[in-house]
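The structures considered in this document are given below.
Consider the two complexes below, in which subunit A is the common component and subunit B and subunit C are the respective partners.
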Partner chain A sequence: MSTAEIIKRCEELYEDTHFTAAREWKAADPSRRVIGYMPVYVPREIMHAANMLSLGILGGGDKLEVIHGDAYYQSYICRIPRSTIELGKSGRLDFVDGMLFPSICDVIRNLSGMWKLMFPSSYVRYFDVPQNYKDDVGGNYYVAELQELREGLEKLSGNKITDEALRNSIAIYNINRALIRELYDLRAEMPHNVSSNDVYLLNRAGMVLPVEEHNEILREYMDKAAQQDNPVRDNCRIIINGSFCEQPPLNLIRSVEMAGCYIVDDDYMLINRWLLNEVPVDGDPLENLAKAFLHESADSAAKYCDREEDVGQYLLSTVRERRAEGVIFAAPSFCDPALLERPMLTERMKEHEIPHISFKYAENSGQMQPIREQAGTFADSIKLWS
Partner chain B sequence: MITAGIDLGTGAVKAVLFKHENGKTEWLGKRNHRIRQRDPLELCAQAYDQLLAEHGLSRDDVTYCATTGEGENIDFRTGHFYSMTTHARGAIYLDPDTTSVLDMGALHGRAVKTDSMGKVLNYRMTSQCASGSGQFLENISRYLGIAQDEIGPLSKEADDPEVVSSICAVLAETDVINMVSRGISAPNILKGIHLSMAGRLAKLLRVIKATDGVCLCTGGLALDSGMIDALNESLDKMKLKVEARAHEDSPYAGAIGAALWGAYRHQKLQQQEALAQAS
Partner chain C sequence: MSTKTATPTAVESQKDSSMLMQKRMINSNYDALTSAPETGRKVCSTFVPGNLNELIQCFGMINNLPETNAIQNAMRQQSGGMIQTAERQGHSEDVCTYVKADIGMMSKGNIAPNGKPMPNPDMLLLSYTGCFTFMKWFELLRQEYKCPTVMLQVPYQGDGEITQNMRDFVVKQLKEEVIPTMEQVSGVKFDIDRLRENMRRSAQAEDDLVWVLESAKNKPSPIDAYFGAIYYLGPMFTAFRGTQEAVDYYKVLRKEIEERIAKSQGPITPEGEIQKERYRLVVEGPPNWTNFREFWKMFYEEGAVVVASTYTKVGGVYDQGFRHDADNPLESLADYCLGCYTNRNLPKRVELLEQYVNEYEADGLLINSIKSCNSFSAGQLMMMQEIEKRTGAPGAFVETDLVDPRYFSAANVKNRLESYFQMIEQRRQGRMIATAS
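This part shows the complex of A and B:
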């Protein structure tokens, strides 16, 4: 397949709010189970080891009309919980056997409780993560959390999740993470050949496909993309920050690119890159996952930072590593974690004289002209005056 | 070094070529094509190629091809600059006394405050309502059976201008129909429209705090002398010490700015050893 054909397939998966690919995967074998999860991070290795498909639920996007969902939330709440409820209420998730709600914010935590009431027959878990990064405190706590998840999934699937199966799953996800890192490196190196539209859709495909198939798609795309010879534009290199939960519409990403920005890093679907390095496959698999989370994981506003001086350091190092010329803080409207951290991050940017702008979006934002104008003038200011 | 600027506007495509040698800048040529329901991207390519051919050049001779306006999708561009950035630079080139710019195009009106280097200090746009645009004026002149180049001189003959709605094109058109049926003369109708549009644009200048100095009008509407007069009247009325001016090449300001910024950007990239390649 050509890169265009690969991306077309990914776009079809992205637009399919009925999750046909995941339904078909499940229908192929009656013993299979599907576990949905919300951003930012869950240990997908445990689902994989239980012969389950982990299905990323990133809201309903800009195509889904939210009718039921709006009745559950006040107007000052972001859109992702509304559209997730809509997905559930409209039967689009009727094939999903369980849902994991990671610790992002109060809204998602409350959604986990609402889900239990709305879908009592479904396995529902609020997946908490440590806020203490010492192995003997947060580490022990997190291992216990992982063990509880493991036991819950064993009960649901009726299968024992062995250490061996977990090690095998860690190895497969290590490959997936390495390929995603390679994809991001490739984009930073040749953004004219690897567009952010493509990177985004490739990442999204990983939310609904089995990891083995996703790995194949990533390999094939990168092989072809590296050989392309697209013209290099005089665009500026920017990083998108703040979009780790509710996703922007695809048109927003395209608009930022069209406005003269090469996006060289972002925090979309951080789950694909959350663990920064290879997780060891020897030893206790849960301890290995816990150590990776504590000491070698990405940063986002949804992750507790225990030292104020460390806030923004991850972003600064990404700016340096990717040779970025500016940062666009693009957060969903009413996103408490992203919007509360933004002033601290912008302060860091000011301290280091890194140009930056901020705007907000919703997953169904339709008017892209103001975004284009903002991103475009930002690009002009970097190109001419920075 | 040769640089090109292409301004894809709502009503027309403007293309210019510049030569930069030994610190001197020479404007080689220009083309202005009305879009008139043709494919704007094809028209850009056509205007660009014709301009190059006129000067015995090919695309390969161009070091930096810069687009502006709606030209983000032009596939042979090296880079794109936004309209406020290019109009400010183009205005400074055409009239070095410029301290603010009013870009009066077919669809949008845009006020830009600039420094002497063409750096944008502040800007505001009109909303998308067409009553503040050249397209609206063009439509009205067609209804009245007046050629476009007659609009300015006729407007200047007005002795008792009739005010039209400055909020909505539909209401403004209704106003004009009523005026025609009431026997109001064409000069008074046109002047009324000019004053209505000028009032909105003058307010934009006040909002961006461009309260004195020279305001160069750019975009297609800048060649309408009646509009410039109305603008100066409105500025006077609002007690702004701004002199609105136009230049015979005002419609090219965006394209000029793009070509000049392209040259500047090329030199900057050359110093950083990070040149983009014009395709």
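This part shows the complex of A and C:
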């Protein structure tokens, strides 16, 4: 397949709010189960080891008509929980055997309880992660939580999740993470050949496909993309921050690029890059996953930063590594974690004289003109003053 | 129609006892805080839900609660300006106004409600229980105060229960993170017997508090368990749990309420006693603070009495049996933090409301949905539907904010309440006709 064909397939997957690919995967073998999860992070290795497909639920995008979902939320709450309820209530998730709600904010936390009430026969777990990063404090707690999840999934799937299966799954996800890292490196190196539209859609495909298939797609895309010879545009290099949960419409990403910005890093679908390095396959697999979470995971507003001097360092180092010229803080409206953290991050940007702008969006934002103008002016100012 | 009658003697007698006592206590804590630079006592800033007052006192530290400061500022009409100051500094209009009121207060010289400068905290105790915002709030404050900051992560009761793993995690943090930081900041060695003593006093006061809250099962209810109870909860939720003052306060309060029950009196309001209880309501959600009196008046003018509320459980759900347990001090502190209202999952919150509507024989459930607070608000529409379904009692929904005056629309709220009371009235008449025929 050509890169265009690969991306076309990814776009179809992205637009399919009935999750046909995941349905087909499940239908192929009666012993298979599907577990939905919300942003930002869940240990997909555990699902994989139980012969389950983990299905990333990232709201309904800008195409889904929200009929039921709005009745559940006041106007001052973000969009993703209402479109997620829409997906559930409209039967689009009727093939999903369970849902995981990671601890990212109070909205998703409460949604876990709503899901319990709405779908009483489904396996629903609020997945708490440690905000204490010491092995014998937060680590012990987390290993026990992982063990509880493991047991819950064993019950649900009827499959024993052995250490061996877990090690195997870790190895497969290590490949996936390495490929995604490579993809991000490639885009930063040649953004004219690897567009943000492509990177986004490739990432999204990883939310709905079995990891093995995703790995193949990523390999094939990169092999082809690296050989392309697209014209290099006079764009500035920027990083997107704050979009880790409710997703912007694809048009927004395209608009930013069209306005003269190459996106050289972002925090979309952080789960694909949450664990920053290879997770060891030897030893206790749950402990290995826990250690990776505690000591080598991405930074996001959903995490506590235990040392003041570290606040914003992750973003700063990404700016340096990616040779970015500016940062666009793009957060969903009413997103507490992103918006509470933003003043601290902008402070750091100011200290280091890194140009930045901020705006808010919703997954169903329709008007791209203001964003295009804002991003365009930002790009011009960077070019003019850098 | 107005059912209130202001009887000066009633107001005065109330003021003479528990209310004045309560006021004195709250003021004394502000005086202790603002005189800390002279007395040398250390200041520990922390949050109301899951606050560890018994432990803080073991180290001779003073407890400073930013939510309470925001409330005080709102009641004095100061918070609006503070919030706008914070927004001008780049804080989003979308986030919790407690945070912005706090940051704005800091920018405006950090003047305490007693008019004196508030000292900088010596430590931030981030009791991360029931609300995500707390975490970023103290990261923001840490940036300003540069003082030791300790995070006490309290896992959420996702399945509606406290597991041993959760409890062990909290205890471990208390032992290895919280207590050592407190020792270091205060220079005082931890004494577990002192903690036990404090906890014993907590439990005594908690017994009386529960008695007071449950007195609303009487008809008429002698208390308003939302607006009025805010005052009753002050000492328990802030800096006095674990002190003899709190024990004494709740004894006096209980005695007062006993007298009110004996005389079949209704609750005291700022304009006197409610003479006729017409509606009994359960309320979910925090109150609005900028227009607290105006909001309350919309209830008591109609004879509406709140007989149970969930806001009065944010600092501990004592009526469900929890007591601080001196025999298992650290485990009990962990259970306290884990059990606070907003740390319970949504099905458990619905169960509690259902229980209140039934046990307190309420006419309905009113939700005051707070723009600031996703912890409370996300899911409340569903909670209302569930309660209507389970109890048959009608629900109503009003929207306000905590300390941002821009989000209190008196006309809207009043309209909603009036229609709600009418609806309850109509249902009653419908029931009467049905019984008669």
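Here is the rule we go by: the second predicted complex is superposed on the first by the 386 of 386 C-alpha atoms of A that agree within 3 Å, B and C clash if a C-alpha of one lies under 4 Å from a C-alpha of the other, contacts with A are read in each partner's own complex, and residues count from 1 in each chain.
The rule is simple: contacts are C-beta pairs under 8 Å (C-beta built on N, C-alpha and C of every residue); 3 or more make two chains touch, one makes a residue touch a chain.
Note that the structure is predicted; figures quoted are calculated from it, not measured.
Asks: Do subunit B and subunit C fit side by side on subunit A in the superposed arrangement, or is it a clash?
Replies: Partners fit side by side after overlay.
Asks: Could you look at A:Asp106 and tell me whether it touches subunit B, subunit C, both or neither (first, second, both, neither)?
Replies: In the superposition, A:Asp106 contacts subunit C only.
Asks: Can you pull out the angle centred on subunit A between the C-alpha centres of subunit B and subunit C, to the nearest 10°?
Replies: So the C-alpha centres give an angle of 100 degrees.
Asks: With both complexes superposed on chain A, which partner does A:Gly69 reach: first (subunit B), second (subunit C), both or neither?
Replies: After superposing on A, A:Gly69 lies clear of both subunit B and subunit C.
Asks: Kindly classify A:Gly61 by the partners it touches after superposition: subunit B alone (first), subunit C alone (second), both, or neither?
Replies: Neither partner.
Asks: Is it subunit B or subunit C that touches the larger share of residues in subunit A?
Replies: C
Asks: On the A-aligned overlay, A:Val232 touches which partner chain: subunit B = first, subunit C = second, or both, or neither?
Replies: In the superposition, A:Val232 touches subunit B alone.
Asks: Pick one for A:Tyr304: touches subunit B only (first), subunit C only (second), both, or neither.
Replies: second
Asks: Could you tell me if A:Glu341 is touching subunit B, subunit C, both of them or neither one (first, second, both, neither)?
Replies: second
Asks: Once you lay one complex on the other using chain A, what is the shortest C-alpha distance from subunit B to subunit C, in Å?
Replies: 19
Asks: Can you give me the overlap between the subunit B contact set and the subunit C contact set on subunit A?
Replies: After superposing on chain A, no subunit A residue contacts both subunit B and subunit C.
Asks: Which of the residues in subunit A end up touching subunit B in this complex?
Replies: 231-235, 258-260, 372-373, 376-377, 379-380, 383-385
Asks: For the complex, which residues does subunit A have touching subunit C?
Replies: Residues in contact with subunit C: 71-74, 76-77, 81, 101, 103-107, 109-114, 116-118, 125-128, 130-132, 134, 136-138, 140-141, 144-145, 148, 301, 304-306, 308, 311, 333-337, 339-344, 346-347, 360.
Asks: In their complex, what parts of subunit B are in touch with subunit A?
Replies: Listed in rising order, the residues of subunit B that touch subunit A are 64, 72-73, 75, 77-82, 84-85, 119-120, 261, 264-265, 268-269, 276-279.
Asks: Flag every residue of subunit C that touches subunit A in the complex, lowest number first.
Replies: The contact residues of subunit C facing subunit A are 89-92, 94-96, 99, 126, 128, 131-133, 135-137, 139-140, 142-143, 146, 149, 151, 153, 155-156, 158-159, 163, 165-166, 168-169, 172-173, 176-177, 345-350, 369, 371, 374-375, 377-382, 386, 399.
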